[in-house]
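The first chain written gets the first letter, and so on, giving A, B, C, D, E and F; residue counts start at 1 in each chain.
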Amino acid sequence: MIVQEQEAIDKAVEAITGDMGALWITLAAILVFFMQAGFTLVEVGFTRSKNSGNIIMKNVMDLAVGSVMFWAVGYAIMYGSDLVGGGFFRSSPSDQGYFFFSADDWYNLFFQTVFCATAATIVSGAIAGRTKFSTYLIFSAILTTLIYPISGSWYWPFDDDAWLNTAGFIDFAGSSVVHAVGGAAALVAAILVGPRIGKYVDGKAQAIPGHNMAFGALGVFILWLGWFGFNGGSQLAWGGDDTIGATSVIINTNLAAAIGAIGALFFTWARYGKADISMTLNGALAGLVGITAGCGSVSAWGALAIGLICGILVVISIEFIDKKLKIDDPVGAISVHGTCGFVGTVLIGLFALDGGLLYGGGAKLLWVQTYGSLAYIVWAALASFVVLFILKKTIGLRVSEKEEVEGLDIHEHGIEAYPEHISQDK
Amino acid sequence: MKKVEAIIRKSKFDEVKKALHQIEVNFFSYWDVTGVGNEKQGHVYRGISYSTSDIQRRYLVIVVSDDFLEKTVNVLLETASTGNVGDGKIFVSDVIEAYRIRTKESGSAGIN
Amino acid sequence: MKKVEAIIRKSKFDEVKKALHQIEVNFFSYWDVTGVGNEKQGHVYRGISYSTSDIQRRYLVIVVSDDFLEKTVNVLLETASTGNVGDGKIFVSDVIEAYRIRTKESGSAGIN
Amino acid sequence: MKKVEAIIRKSKFDEVKKALHQIEVNFFSYWDVTGVGNEKQGHVYRGISYSTSDIQRRYLVIVVSDDFLEKTVNVLLETASTGNVGDGKIFVSDVIEAYRIRTKESGSAGIN
Amino acid sequence: MIVQEQEAIDKAVEAITGDMGALWITLAAILVFFMQAGFTLVEVGFTRSKNSGNIIMKNVMDLAVGSVMFWAVGYAIMYGSDLVGGGFFRSSPSDQGYFFFSADDWYNLFFQTVFCATAATIVSGAIAGRTKFSTYLIFSAILTTLIYPISGSWYWPFDDDAWLNTAGFIDFAGSSVVHAVGGAAALVAAILVGPRIGKYVDGKAQAIPGHNMAFGALGVFILWLGWFGFNGGSQLAWGGDDTIGATSVIINTNLAAAIGAIGALFFTWARYGKADISMTLNGALAGLVGITAGCGSVSAWGALAIGLICGILVVISIEFIDKKLKIDDPVGAISVHGTCGFVGTVLIGLFALDGGLLYGGGAKLLWVQTYGSLAYIVWAALASFVVLFILKKTIGLRVSEKEEVEGLDIHEHGIEAYPEHISQDK
Amino acid sequence: MIVQEQEAIDKAVEAITGDMGALWITLAAILVFFMQAGFTLVEVGFTRSKNSGNIIMKNVMDLAVGSVMFWAVGYAIMYGSDLVGGGFFRSSPSDQGYFFFSADDWYNLFFQTVFCATAATIVSGAIAGRTKFSTYLIFSAILTTLIYPISGSWYWPFDDDAWLNTAGFIDFAGSSVVHAVGGAAALVAAILVGPRIGKYVDGKAQAIPGHNMAFGALGVFILWLGWFGFNGGSQLAWGGDDTIGATSVIINTNLAAAIGAIGALFFTWARYGKADISMTLNGALAGLVGITAGCGSVSAWGALAIGLICGILVVISIEFIDKKLKIDDPVGAISVHGTCGFVGTVLIGLFALDGGLLYGGGAKLLWVQTYGSLAYIVWAALASFVVLFILKKTIGLRVSEKEEVEGLDIHEHGIEAYPEHISQDK
């Protein structure tokens, strides 16, 4: 066969494979988009009904604001060049410039946008029930415009300027870049905002049961669903080896979520004598967050190990943060996204088929994973602290006691989420 | 006429209702309340084990003529009881007048 | 025996409950009701701003022996109050008899 | 002072409320209860047709001074009635004392 | 290279691209299908609990009836030929004939079916809480069998017989063809059915709060999700330029929804002093409806402009219809779908990159867009009026006062939607 | 053109078509995954609120346990070889061996896993409200590890060892293999566990209304949605004839669901004087279950016939099982999945375009379909009986009376699903 012919075929195959990849990424992005609904339901379900409307508004608005700001500014920063600070900040915008416009890269913008919205929405759960709506909006806008895009720029442009990429750091779909960043921001926010009234009585943590476990469960199913797009889509291509890659990522994702739920179930069952519903749901999410970094580099066994560790760890972390650190995180966002995001990233150092300690790769990867993930946490925590501290000193972070006790819905939004609802919340 | 207010276990309601019907007490109103008392119920939520004395109960209001009072109370005492802490209470008080809205009748005609 | 009915702000409930426990009033029942009174609450829904006097309140029923009446009422007056319109009401009425279902005891043994 | 307890159809509530306001009874509390009585309501669920006498009703508690009693009862009898079985009942009983929590006033000053 | 070879390659590419397009359209249709759940939840959430079961039934049944009738008759009419009335009616069925059967066009039937169901379901929200179930079923059947297919036939066969296509009218995914048609039908229906008891007291509009904002919000997320299929799928192909087209449509769709929510939020916040939950949710939908016509012909800036205009306009329109016109539309269907469908179509005349007034294209497109959209509204309103008027005079439109006050669920369906529910609705 | 060239093109086309098929199957599997949320919502909605948390846990856990066990053991059994008992059991594992690992077949594992989870979850609804959680977990693990994989192995490996495949049995997506198996297991479980307290009073069946029809309806919409993946994905390929096949399957699926809902609606309306909400929702599901076997072998007319028969039959079956057999199945799982799974499989014998009695194919297919489906039912019933009987004699099937009356949530899981909820359940 003449070379020319083969080239023509190859070109055609490449074009089609590119289109097929774009199709997969677009559909994956649509699945990730749906995770917003999942987050909303989990947060609504795990908190009291008097604040449900406010939570809805926060989740709708971080998606809305994030969509616009990431298009306008965030993308340009994330994929920019011209580095400052040893690679930590990119000072000139990406090729697209601000206000993204590209003839052929729209699906990538879409995929990155929904990731950005995910990072933003993590915070909302941790500070539910007492935070000013206006303050949240501002913080969320800054997070999607600057904090998260800078995080992303350290690794995901996959270029030589991305210092963590150069360092050999692995975070396939963002255990650190998205989840630990969101979790660290959530931690700082929860500390600065302070616990809900009644959460700590005489220094003892009180249970404030969420009002709707069915919403919580539906939310978790939707998140689990969306995660197939989150992780699978991060293959960023489809066809040939990429098909194998993306589908093995999906299997790893599913196994980690499953074993995370199983781990949390039996751990709580043994520990409290009851199979704890919301913890089991958190366990599934913990497995998902944990495997997000490594889903492309570990075997199914590795995925099970990471999922199981995260499923149990999330229970311990939630208890520790709640009872020992006395930080009030109604939905466990800090533990699910922060703790498991960090641990999941680090565990790649053990379980990576290529370079993991357990597979004879030595400690190098473990070390890179650890400092890479810590860098993300420190960055997100610092940046969030600065922003929230300024907000605290200016417009304030918290609603008045009266508003909090009577519910944010009626005061911030003029109506209850369930106006016909007769409650027995204590 | 007397007003009998009974606070009972929700799980006993079906039995109580049946027994009331048997003694021809066919008129009453009920709703669910939270009761605070001796009984404690264990809970776990997100790692916090706690026991609460705020337990759901059913509240019954039965207005009866004086000659029905005794058997109504007795039936309640019999059927609502399990012998465990938390079976609930019965309170009896006076009613001055009762009206049936539909017919505007008052007195004992007003109650059933 | 007296029946104390208190209609209070939901936001004051925790305090009230604690205070009642302190004076050893450990038995009562409560539920949520809608109260109509002087207080108005502003609402907006789909472009219609309106103010309603139908506000959620908590309704407490506490049956106490006569010697507990005064302190119960006093505690309620103290702890349920914010000084703003809408703090609620307390009504006291007579109870003829009380029974504890579990033990079938009556009289003051019946109430706590 | 008297306590008027009315158990009415939910569908009549708006009318009743309006009428009460007209005679300047601006203070009361209400909640929804299940009533057992003469009226039956037909249901079907998954192939089982049944008729139940457990029907949702609205329970109103209105504490009034003695001179308001008659007109309150009359207004209720007028406006809550449809003439069909199930219109509900009104019970009147005595209240010994009433307090307004905000001001700690008692007596008739306590009720409105 | 010999021409023959290139031809063989081209043929293979074409076949595969066709299959890839079919895959995208099928998946888009599945997303649009899901919008039925979104509509149901929005309508359930924004109305009182005593009618929730009835709303569910209406939404399930318009999908069910629409699926059968559009397959049996609607498709044939929509893609038929042999015109009557200057192109307004097609008198002979499409090539498929009635009772669609085709070897290779099933995905197109599926895509069109779910669009048809969408048009039908819009009406249900506007007349919630007082309409006879049997009457609704008949009306919905006629809408999916005749009214909507005729609307579609004016433009979407994209042939010379489709008079609006010939006229140069642009309605990419149906701001007018689907939404304004549904909105106009909803308007007529709401007028003829009359307001719910208690909606207007002494001539003043009363608030009748919906019972579950969480359902409303979940519904809006699902609709937003489905809209990626609604608009993106209307590219009707995938691969090469179509990939770029479809993904740019998705970005435009997302931006318009986002800015619509933002617009409604700040507008209501300024106007009522509270950030109105249900209006903000409607704002997102307004942006989506508005961009549906133009998502293929405007830039991201144009999408933002259209979304923002619609997000604010929907608030004004809802107030106007509710307070001034005194038409009772519990969920805002007339404003969201009717007003924004019309305005979104017309705004293409300003913002179309090719032919828009603001891009130097003159007023011609603006004029075509205006009369095209008005034609849809007039047609849908007239047809609906005739059908509903006949129904009113025969079996009646409205349930009895007793049924309405006590709730449609118990009377029409024998059971409440939430039998354990204790309400405080006023 | 030289043959070589055409071969190169064909090879490229085949590879891409394979990838496109994998994409479709993966996305279909994601849709099927989502059905878990649908089942959960239907079960939660159709039962009382005091057991909602328990139902959630059962559904989350059968997915979690099923995902792990099917990966570990189930897949190996289902696709194993080396037959025992005349082809009824496969004694040696599939090529993948236990603990599935394959370079290029991950999407198949994923697709099969979510099918397996579906079979498991069917049982949970039928025994809701009185079953021990630990017992359910064990039973569910055995079902996903052994009972279902053996069912699958009779037909779906499509090899000569699969005796029902050899026999000419047709069950495209599993009316029998998945649904009748689940339904038969549900039947046996419901009998052994016994009815809920209060379900039968003086021998008469009592209505125990589910607490949330909106959840039920949302669940049905999600199931309907997922079924497009369930049936459409079972084409197991995309491209060319497979595109036509898969999309015609989707149309058949949608039509059967639609007419199933319509059938149940009018049948209940005529029968009870009310348009029964939960029965209509069951009717849609009945149509879906019924068409699952034949969606690839019947015309749209056949789909309508099967859907209509199942939609009406499910109502009769539910009544019969409830009132005559006095078996308490709160959600109708036995009728929807068992009865309609069986009938749908058998009706292929009438309606198959190729071999159906009505199309002149004689009675042979009818006979194969009947004994094939019965074999599944007998197998699932027997196996479930053995397992459940042992469990009954050892750890017990049922919670104590006190736990049942007060609700499984508070006793098994330590918290209510809606802690603020004030109920009026009777």
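For the reader, a short list of remarks on this structure follows.
Quick note on the criterion: a contact is a pair of C-beta atoms (placed from the backbone, for glycine too) under 8 Å apart; a residue touches a chain by one contact, two chains touch by 3 or more.
Just so you know, these numbers come straight off a predicted model, no measurement behind them.
Shared contact partners of chain B and chain E comprise A, C, D, F. Counting steps between touching chains, the shortest path from chain C to chain E takes 1. Any chain touching chain A that also touches chain F appears here: B, E. The two sequence copies chain E and chain F touch through a face in which the numbers common to both fall below half of the numbers used overall. Set against one another, A-B and B-F show the most C-beta pairs in contact at A-B. A separation of 19 Å divides the Cα centre of chain B from that of chain D. Here the spacing of chain A and chain E, counted between their Cα centres, is 33 Å. Mean C-alpha position of chain C lies 52 Å from that of chain F.
Residues of chain D in contact with at least two other chains: 31-32, 34, 43-45, 49, 56, 93-94.
Residues of chain A in contact with at least two other chains: 5, 9, 12, 16, 20, 23, 27, 209, 212, 272-274, 276, 278, 413-415, 421-424, 426. The list of touching chain pairs reads A-B, A-C, A-E, A-F, B-C, B-D, B-F, C-D, C-E, D-E, D-F, E-F. Those residues of chain C whose C-beta lies close enough to touch chain E in the complex are 34, 43-50, 52, 54, 56. Within the complex formed with chain C, the chain A residues making contact are 198, 402, 405-406, 410, 413-415, 422-424, 426.
Across the complex, chain D is touched by residues 2, 5-8, 31-38, 53, 57, 59, 73, 76-77, 80-94 of chain C. Those residues of chain B that touch chain F in the complex are listed here as 10-11, 13-14, 31-32, 41-45, 49, 56.
Those residues of chain F that touch chain D in the complex are listed here as 205-207, 209, 268, 272-274, 276, 278-279, 315, 318-319, 322-323, 332, 424, 426.
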